[in-house]
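You will see chain A twice below: alongside chain B first, and alongside chain C after that.
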Partner chain A sequence: MANTIFTKQYSDNILYNALVPLYHVCLEVFLLLMVLWLIFHQSYNPNETGDLSKEELQALIDEWTPEELVSDVDQNHRALHPRVITSKAQKYISIDNNKCLNLATHNYLNFVGNEIIEKSAIDTIHKYGVGSCGPRGFYGTVDVHLDLENKLAEFMEMEEAVVYSYGFSTIASAIPAYAKRSDVIFVDEKVNFAIQKGLDASRSRLKFFKHNDTNDLESLLLEQAELDKKNPKKANVTRRFLIVEGIYMNTGEICPLPALIELRKKYKLRIFVDESVSFGTLGVTGRGVTEYFDVPKQDVDMIMCSMEWALGTIGGFCVGSSFIVEHQRLSGLGYCFSASLPPLLTVAASKALDIMTKDITIFSDLKDCCELMHSALETINGLKTKSHKHSPVKHLVLSDECVFTIPREEVLYEISNYCIQHGIAVIVPSYLEKVEKFTPTTSIRLTVNNKLSSEEIKQACTVLQEACNALMSH
Partner chain B sequence: MLVGGHGESNPNTTWLQSRGLWISYAVGMLTLHLILLSIPLLSVAVAWTLTNIIHNTCHFIFLHILKGAPWIPQDQGDCRVLTHWEQIDYGQQFTVTRKFLTIVPIVLFFLTSFYTRYATGHFIVNFVSMMLVVLPKLPQFHRVRLFGINKY
Partner chain C sequence: MAAKGVVNEHSLVGKNGVSTQHDRNGLRKVQEFCIQNGKIQESRNGSTHHSKEKKRKTVESFEQVPLYTAVMTYLGFYLLMFLGWLNQLLFTPNVAREQNREGYVPLYNRFESFYLRYVYRRVRDCWNIPICSVPGAEVVLKDRITRDYGWTFEFTGTETKCLNLGSYNYLGFAETKGPCAEESAQAIRDFGCAQCSPCQELGTNPLIVELEKLTAEFLGVEDAIVFGMGFGTNALNLPSLLGPGCLVLSDEKNHASLILGLRLSGATIKVFKHNNMKNLEKVLKAAIVKGQPRSRRPWKKILIVVEGIYSMEGSIVKLPEILELKRKYKAYLYVDEAHCIGALGERGRGVVEYFGCNPYDVDILMGTFTKSFGSAGGYIAGSKKLIDYLRINSHAACYASAMSPPVAQQIFTSMSIIMGKDGTMEGLRRIRQLAYNTRYFRERLKKMGVIIYGNQDSPVVPLLVYMFSKIGAVVRTLKQRRIAVVGVGFPATPLMEGRIRICLSAAHTKEQLDAALETFEEIANTLGLRYSQQRRPTDPVLYGVLDKVD
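Showing the complex of A and B:
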């Protein structure tokens, strides 16, 4: 039955073809022409601008002045005269054959040179060899990685931790894993270079606020809130991030976390804190800036941290809720595409964490040393510091009112040279001036560790004072 | 899902170039049409119009409404604002894939018109649905959001 209808209707079509309405014939001809136009049209890319005209090309060629491959370098350039270190970078260090008290490298808890940690690392080499032979997702996960992640999550009282193989790339990968092209990031203008690289890679819109200035931040947030109100559809798909450091590597100041958390709640931000310096140094049990301000850790979305400073090993980690942190196992570029942290360094971090859990007196010792150093530094005539008294990183700049016998930009380097010759290692940090967003002011960066005696602190400040006096015009 | 192994940060750009896609596409449509024809209550004309409408609805939804990609592309959210159509061949216009996908609804319209015997009701429905999928495919509408529809 159905079959007869089918054949009937199909055979009737021949009759109906004669009755095609005229408008349909026209339309079909038009569409056929369009098909031909499509088939024979040349392919092109709308994103590319057309070829340059001859004049434009010539103008570009004329404008261009070739740069020398190797330009003349000043023979006194500091990079041509590196300092040679012939010992471990522990409490005492030998620089160019001067035995110095080490106030230059970041070793806040003296885990570099700790024999228990060294021994555990060496034992691990005998068991696992030196490398892990692959990224975490590709034969590179060893039991010690999982152990360390559990320990870190437990120590930081967060749900999950993820371990990276390099401190810098921890921070530079974690940020672009979440912040994407259409998002907005509010960020302190003095953040360290790793964060800046993460910001670059995120391709997000950046809003820099003045260093530790919550009023400036709030005005930027209000501006954004106005924009969001005008275009709620866009606001719905725009994420707003706030990125700060616990203790700023470039200034030694502590971020005003409670105020930032208030703003986070008020303006619905996602806050990431870089705790590279504050981890293991702030708080009674060394759990960082959240413990220092007694802020619940759940109020911070993610904590990123390098293990290269306080923990004295290599690598870095991020902690947060599983929902947030788990995302990096597929989206953190440094996690997915780098070989995992060598087991010996993983075990060193684990061991250091054990020590931190067992013996909390190291944190009070460090705090005392920081305070002592701070009050001693404040007495130096010619130098001043804006760093926080509880920060193990102290930045010293020249006092405005002092007059020196040599150009001001040279003074700090000369002070550093003088100190190294007189047994105190302090340095002037180098920055990539053309690459930094806001190049930090030149300063002497001094680091404190928990085993400094009050005599050593006094001695360091005496040498600094002598150096200043030698360069000051009276 | 993390995609990789074929050198594309976003496979949406190239998967439609795959070998055998055109024949699979034709077989898929034929199957759909035969299924509709085999339903006793539907006349041939209705079956053709339904084929056309279903095909064009799929085009409209999957190529012109849905944006982004179903996996995590390593492009920092580049494709988040682009429909699948705009991602094809990284936005290159008049490529073979694009030509194929534009011509298919037009040819389908010819066939449907023929088998519906140019009935006015069928014509209006089929013509509108064809225009809705052919117009957004034109290069003039690349990254254009008329009246801000589907902009964010």
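Showing the complex of A and C:
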């Protein structure tokens, strides 16, 4: 069989084609056997627990004891005994029935308690009910949402705006919509927690630069440029982002926007600015940090903002060119998978925007109050002011030279308690130390609103000084 | 049970054993007196719960797609992709282009843009339809047309009033009049639109304190904490409960907020097949025996994450079996009751009541107020230890702003109505109506021969149409016939299973449902929706019967 089968009686061509050499047949049989073995053999799966007996398995299961779901907590923790606000959070606020000047909640333009806004919110309830009963894609888009988006885009002089139903989610969803695992993000160390969660969700490579230090940022950018030179193919698909805040909530400093724009142009980054605090507070017409530094809006790729501070309502928005912002309508998780903002809060934001557009004296009033407050705070002995003079958010830390009668970690809390008892509401902001990337220093955070009179500012500083004196050892 | 700092002075007593109190600060509270109405007895504080689990017969159906339809669906997709590719080759897309950014790495990936521009765009008009009225039983849609095949839209200026089968309004609390609206308006006058402060700083007001107590009472657990956003409740609390070294067993069809929260937590995630208890047990056993990957250390804790009603499938979680597995393997359980709180159970207490289980057995009960309470926000409820931990360590409690007062008041009022604390039977009536509507609608659809998924008691009814183009066709046709429904396709569902999702409500009357069903009957013929190959039930469907009469 292995030898030639056909005899020499056939033509030479056929003879040549019909030759079936031995090795060929053996090879084919071997391949056929391989195929049969591959189909029928038992695959080796390292996950199978087949090698342990039933009793052994049961013993392992019985042995295993999980940790408690949650650990015990200190029952005296401040969060378990919160202060209860028994009035509207406007210029004066009642904390545990104690009427205080409100320097603690973020009501920079005094929109909380504004009667026009409240009336329009109440009218909206009578037209649309309270909840919107659906996400934006499924009959949750109410015409007031579209109105607000148009107004915001017009106010900020950009092409399009997207409105979210919660300030925290706005920022935490906007960043991962653009930045993915293979990208690199340059971000300031002192960014707020919402941005940090957005960075975690994006899973990109993070490069933190020192707070407001453009030299440090430039050195990081140069390092990245070196890496890019070594691997140009990878560099072509790595997107680069720069994320900063207009005014940093954790420090009250303003970002050096013009220098950042220069770097952006030089190293081809995309810059996202979180203007939660600077929207409605910086600039002659309240349009934020771009107006303050006179930077053209097109130089910034996207502005993200929470409406929960200056606008006095709930929610957030992102504004920018249509090319950028439109993408979030399908990729922003907090936009697509969450119910839309209740209409009454949307209308409250709309009306607040109307007031901002018509009456620009509110911004100059706020600027004056910020400057007055800043100069008054600098006179307090025992506390150092660590913010920009135009920022409505001021941080006060203990002076290094002064010595106090109680441990330093407790001084600021005691000052805050004393002030509240004496009619000035200031608080120490809470942070989750174990989760923050760079825990901010403990401070007293004071917020300024635009209706403070100079007597009230003086009174506030007097009370703060008294509190410090009571705790300082002389 | 006054909130801290609130002084109560009785000033007037209303009827039906309900008293309205005004305190010094003008705060109004409805005191919960027990009404002399045998069934609406609400005083669950510390009372024993019935721990006998009802043996409830689960009637669920997930019929397989007929082969012919499967083939046609895939072919349809390929055709769409091919046409899209041709389109891209020959015409320029009418989309925004990036200005002033030459030399930058492109922001979006090409396949994503392709799908969006050439497949999704064809049916884009079926989503994001703006409304201009309250999303109650009927809703007014703003008409819009596209003159360029879906690239841009224009408003025509006209409006269409439609029967609303798309919004999440299970108990019909999306109302512009009535006690909820009035009390929310009063809450704005008392507390303003927002507190502008995170919960841990100055975000607590008496409304929130009362609401948390009421939520805990409603669910029958020790304590509860509320947050301003439902999505945020999952995404911002799961990271505080879990960490690296923990294992999470998450159902295949879990919601995006759960997936995001679990990813952010850093725990190891293993997915088990949808509602499949055998698969869950197998994964659990293997996980405990093997331990952590690579290091083989034992897991710190194991958490099973499921939802009460899955909004895309309409299925209800098999709670008694999961509780048994949980006890056997010492795992913890997290149930997201976003769609079933208020909608399931005789008194609307959710999936735990539906199965007759003990709420203390579920470690973490989570839910949202958007669907059945006509408001916004979310809650987590459970033991006091858990809630204390969350009050201190939750990301949302520490950094995100507190719930808005009118929103909180709406929840408080609607929850009180459901519990019967307003002295009427309104709450029970709504729950009953929703249950009747659900059964009736589902039975009638089954009789029609269309394939619907899910449990017979789930008010979420996914009607399978499979083909992408049919989703568009059905939504548009129904809109012309003045019915508003929601179409869902890839990527929210598997490629093959395009569906129309109907959400029933207690606000729908039988007449409205009958009219809708007639329309469905007609389009089932014209659009070819009768995919079911099972025998169609022939007995007449009665309205108001919850269990088959033996």
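Basically, the second predicted complex is superposed on the first by the 399 of 474 C-alpha atoms of A that agree within 3 Å, B and C clash if a C-alpha of one lies under 4 Å from a C-alpha of the other, contacts with A are read in each partner's own complex, and residues count from 1 in each chain.
FYI, a residue touches a chain if its C-beta (ideal position, glycine included) is under 8 Å from a C-beta of that chain, and two chains touch if they have at least 3 such contacts.
Given the structure is predicted, the values throughout are model-derived calculations rather than measurements.
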| item | value |
| --- | --- |
| Partner chain(s) touched by A:N236 [first = chain B, second = chain C, both, neither] | both |
| Which superposed partner A:V130 touches (first chain B, second chain C, both, neither) | second |
| Which superposed partner A:C369 touches (first chain B, second chain C, both, neither) | neither |
| First, second, both or neither for A:V463, with chain B first and chain C second | neither |
| Touching partner for A:L330 - first (chain B), second (chain C), both, neither | both |
| Partner chain in contact with A:P21 - chain B first, chain C second, else both or neither | first |
| More chain A residues in contact - chain B or chain C | C |
| Partner chain(s) touched by A:V162 [first = chain B, second = chain C, both, neither] | neither |
| First, second, both or neither for A:I39, with chain B first and chain C second | first |
| Touched partner set for A:L31, first chain B, second chain C, both or neither | first |
| Chain B/chain C common contact set on chain A | 47, 201, 236-237, 330, 333, 336 |
| Contact footprint of chain A on chain B as seen in their complex | 1-2, 37, 40, 43-44, 72, 74, 76-78, 80-81, 90-95, 99, 102-103, 106-107, 109-110, 113-115, 117-118, 123, 127, 139, 142, 151-152 |
| Chain C contact footprint on chain A (complex, rising order) | 47, 49, 52, 57, 60-61, 64-73, 75, 77-80, 82-90, 93-97, 104-107, 112-113, 117-118, 121-122, 125-134, 136-143, 145-146, 159, 165-169, 172, 178, 192-194, 197, 200-201, 235-240, 268, 270, 298, 306, 308-309, 312-314, 321-324, 326-327, 329-330, 333-334, 336-339, 341-342, 344-345, 348, 425, 427, 429-432, 435 |
| Residues of chain A that touch chain B when the two form their complex | 2, 5-6, 9-10, 12-13, 16-17, 19-21, 24, 27-28, 31, 34-35, 38-39, 41-47, 176, 180-183, 201-203, 233-234, 236-237, 330-331, 333, 336 |
| Parts of chain C lying in touch with chain A, wherever the complex brings them together | 3-6, 25, 27, 95-101, 103-105, 107-108, 116, 127-136, 139, 141-142, 164, 166-169, 173-177, 180-181, 184-185, 188-206, 209, 228-232, 235-236, 239-241, 255-257, 260, 263-264, 285-286, 288-290, 298-302, 329-332, 363-364, 368-371, 373-376, 385-386, 388-393, 395-401, 404, 406-407, 410, 484, 486 |
